[in-house]
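Common to both upcoming complexes is chain A, partnered first by chain B, then by chain C.
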Partner chain A sequence: MRFALAWSSLRRHTTRTLLATLGVAVAAAMLLDMVMMSTGMRESFRELLLSRGFQLRLAPKGTLPFDTDATIKNTSGILTILRTNPAITTVSPVLGGTIQIPRGNRVVTSSALGINPLVQGDYELLAGKDPLADDAIVGNDDFLKATGARIGDTLDIASGYDPELRTYAASRKMVLTGRVRFLYGAADQLATAMRLGTLQQLSGTEHANDASLFMIRIRNDSEVEGVRRWTERMIPGVSGISTATALVQVDQRLSYFRQLAVILGSVSLFVGFLLVTTLVTVSVNERIGEITVMRALGVSRSHIVQQIVMEATALMITGSIAGLGLGLATGHYLNAILSSFPGLPVAINFFLFQPSSAWTALGLLALSGIAAGVYPSFRAASLPIATTLRQDAIA
Partner chain B sequence: MTTIEDVHRSDVRRGTPSAAVVEARNLGRDYKFGEESIHALKGVTFDVGEKDYVAVVGPSGCGKSTLLNLLGVVDSPSQGTVRIRGHDVGSMRDREATSFRLHNIGFVFQRFYLMPTLSALENIELPMAEAGKKKGERVARGRELLAYVGLGHRERHRPSQLSGGEQQRVAIARALANNPAILLADEPTGELDAKTGGEVISLFERLNGDGTTIIVVTHDEVLARAAHRRIHMRDGSIVDE
Partner chain C sequence: MPLLAALLLIQHPLQRTIAIDERLAEDAHIRIGDRVVVSGAPNATMGDTVIVSAIVKRGADPAEIARSEYRVRMHLDQLQSLAGYGDRVDRFAVATRGPAATEKALAEINASAFGFEAHRSRDIAVETSKTFQVVSRFHKAIGFITIVASAIFLLCIMLLKVEERRRDIAALRLMGISRYTVVLSVVAEAALLALVGSALGIALSYIASTFINWYYQGVYRTPLYFSLITPPILTLAVVLSLVLGIGAGLLASLRLARTPPISLFGR
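Up next, the complex of A and B:
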């Protein structure tokens, strides 16, 4: 009966109920997006860092991977040292560089990664083969498009372009063997990969034994911190960055986003709460007479409160469910826009859907729906019956 | 036609045994206005027996509604006591008073006050649902009562689809839903014309004939004459019976 009364009073003002539901949906969508944003970027970074199972990265001291052009010298010596640690299962050195490809009368510039194709963790092969041979190169879609090259084509690859002399420091012919997608690539970025030795040669004699980064897999997660300290001790000039420490850095850089998310999220929750409180207060005031008559007939205070809280909660839940869909859609759309955020890998999601964040948002809203219903209904159910009926009869 | 035996079938008498259903002793009700206070009711004493039919009459403002509110346990006296079926209702706290109203008092208002979103049958079910009766039992008794007030064919209609007289008959059926000890009505014909008012008056006569105790406050001469007893009030006191 209480349910029937709550339902029928929501249906009495269809337009009002629909508008309120829509308002709650918008607030819920905003709240969900903000909750998704505050936890999503971090989670998405973590997934990306761990996607190939490398838990530790070595970068030139005091830098983050690929943050600067600095390199680590003596790669082969470092590899020898790293192989002596039994906790380390895989080491993947990576060198970053830039190459030029003359195509007719223009020159295409692309970034290049020197890797060990057997243990690399930088790209995913989409077609063709890994660059196993010294003269093999793989490129991403943007690279293939810009050069017009296809798998099997032979390309002139040069490096060390001197704009004054219009000469290259080094050049060689290479065969395009595969089409790949780079895990850490930013939007519209031309990128290639080849054997580490090949890129070291192309980069000139002073970089012949350089790497920008070592990616390391460790047998047990529990050993990561120990290995990290061990590498910093054994190899001067490098910083060991575990996923955990990288996330701390990411957190620092993203703290503005998160603060924004928390503030805007609270605002949307508050707006949703105000909306429902206003609506419930208006509808309770309009029904003071009815409520007092129910009290006169012997309906208890708590049942009146329950009925009205039911109304408020129903509004909140319907609105929140609609808001869930709306929030996911807007999150998706915003992700698409933000994926071309400069300097960030495309694979980073600003708005990552996690069921726990949806429940957090929905739970907060349902709670505020209950809170929104309690006060006005309790007040209405506590009015003195005789006096209120008398006033209602006069009004 | 449904008989009152059906209507009173599940009636269970409560409270301590007493000849009178209602005993009002030295009842007073004051309304405070800052320093001043209005004595709306002063030293009112009377009894209402089982199956009585009483009309309370008197000029506007003499305290009739104030008295009825005290008998209906929606207000508390400033002085004196009211006992209904032996229960001292004047001193009850909200929770107890609410439950007492639900099971012992049937209220009929001048303006009917049906729930606009519920059908006629659902309106009658409302107090039964509050009393915890099962759906099947509620519907059966609701139909019985609707038939008794002559509206058996209108159970699915909403108040807005009923005339004033019909709404008042549904409201009377609702007041009877939980087999109350007394039926209280404040100006039940006040919003009705002579014809539909007449229907309500004859319904009251039939109800009383079938054993319902009724106290009605009214300006309506016809209704007052139909009652078996008339209590005349003036300035908050009973002046004549």
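Up next, the complex of A and C:
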């Protein structure tokens, strides 16, 4: 009965109801996007960091991994120190660099990672083999496309380009053994990986024992913080970055987007609430005579309140359901825009859909729908019957 | 006099000076005249002792806002020595007499240069501002969604506002006032409402903009402006509000004007 009355009231003004539903749908879409953005990028980054099970990273003191060109000296010495800690199960040293590949009359420049292929956590092998030999190299699709090379091809790899003399500090022939996808790679970035020792040799004597980063796997998650403090104490030139501290850093750098999400999400919720409140209030004002007659016929106050709250909630929920689809589409579009940030790993999503995001948005809108119906319903239910009927008859 | 100068030099050997940015000065509690040791590596046991001779204001560079970095300015030769950079530099900044001179210099340098390449500052700015182009595109997309939501909200409100006038309009029509006059009066009312609403919106946006700039300049410790209200933005907001307000008023009033007055009374 209550639902039927609420439904007929909404159907009475089709244009108005449709516009309100559309308004709520846009507000809901915006709210869902903002909920997705406020939690998505953090979650996406966390998933990326933990994707290969390395809970701790060591970078040159005061820097984030690969944030600068700074390197950590004495890699072998550091590896020896790290292996003395029984809580550490795996250490994967990584050196970053740039290599040049002369192809005919042009030179292709690519980023290169020096890794230990047995414990690496930087790429996923798609085809072929890991670079187990000293003269082996693997590349991503962009690299293969830019060089026109295929698995099994031998490439001239050079490094240390001297622009004054137009010569290279080092060069060697290497065999392309695999096609890989780099987990932290940016869009359109040419990237390769080879054994750490090979890249150290190519980087010259200055970097013969350098690493840019150490990725560390620890036996228990509860020991991560202890190991982080231990590494900073034992190796003074490094900063230990656990997943938690990396997330704090990311939060700081991307705080603008999180705050924007909170502000725009709140505004969307408020706009949806205001729209439904206004519509329901006007609708109740138009039906004051009708409501008073119902009251005079013996319909209880709670019945009136429930009917009006139901009307507001129905508007909100219908609009929200339409808005969820719209939100996913706009979220996908907005994510495509932000994913084109230079240097941002392709795997990072700013708008990560999680069922909890949809439930949060839907729950908030349903609550605001109920709140939007509270004021007009109480006002309608508390009108004095005789006076209101008389005023309505005179009008 | 030259002897006195020479004696002073012996007593106070020429100490190198550096300039630091205000953020570093504040965080490290460094003042002008303080002696600090600078080195090219973290935890280095050796370094150069220098005097802080200036504290400089940070520039409004958007590229720096997300990075909590400090800036130190020192003499070129000293940095080359500290960084083990030899006699190399990363770039030369060249001032020219005008756009024509820039083109000429660019062509001549690139024709004769060996090991380096000249670029226009404008081209470098475009290349390094890609991050902000992305942010700008994102803001535009968000702005578009906001405009759609506002437009629907405004349409709803105007529709309701005109619907409320059913009985007034019916009375006017029964008194012999023409449909045209009724529609015109409702549209004029809608335009006035949209105009007053726009004025209030502009005032509100100035307050919001001031708050946003105050807040984010504090958070990122930068003189950069995060929110700028420009004449084109104001014009767009007012025009959009007027068009939507008048459009909604016109639609609703035309519908009411076409309905027989008795029906408008609900009889």
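Points worth noting:
The working rule: the second predicted complex is superposed on the first by the 395 of 395 C-alpha atoms of A that agree within 3 Å, B and C clash if a C-alpha of one lies under 4 Å from a C-alpha of the other, contacts with A are read in each partner's own complex, and residues count from 1 in each chain.
To be clear about the criterion, a residue touches a chain if its C-beta (ideal position, glycine included) is under 8 Å from a C-beta of that chain, and two chains touch if they have at least 3 such contacts.
Only a predicted model underlies this, so the values are computations on that prediction, with no experimental measurement involved.
By the document's definition of touching, of the two partners only chain B reaches A:4; chain C does not. By the touch criterion defined above, A:294 lies against chain B but remains apart from chain C after alignment on the C-alpha atoms of chain A. Legend: residue contacts after superposition of the two complexes on their common chain; A:385 is shown touching chain B, with no touch to chain C.
Contacts of A:173 after superposition on the shared chain: neither chain B nor chain C is touched. Within the superposed three-chain model, A:106 lies out of touch with both chain B and chain C [touch as defined at top]. In the superposition on chain A, A:15 makes contact with chain C only, not with chain B.
Number of chain A residues touched is higher for C, counting chain B against chain C. In the superposed pair of complexes, A:342 makes contact with chain C only, with no contact to chain B.
Residues 1-2, 4-5, 8-9, 11-12, 289-290, 293-301, 303, 384-387, 389-390, 393 of chain A touch chain B in their complex.
The touching residues of chain C, counted against chain A in their complex, run 41-43, 66-68, 114-116, 130-131, 134, 137-138, 141-142, 145-146, 148-149, 152-153, 155-157, 159-160, 163-164, 216, 219. Listing the residues of chain A that touch chain C in their complex gives 13, 15-16, 19-20, 22-23, 26-27, 29-30, 60-62, 162-166, 236-237, 252-256, 260, 264, 268, 271, 274-275, 278-279, 282, 330, 333-334, 337-338, 340-342. If you check the complex, the residues on chain B that touch chain A are 65-66, 69, 72, 74-75, 94-95, 98-103, 105, 107, 109-111, 113, 115-118, 122, 125-127, 129-131, 174, 178.
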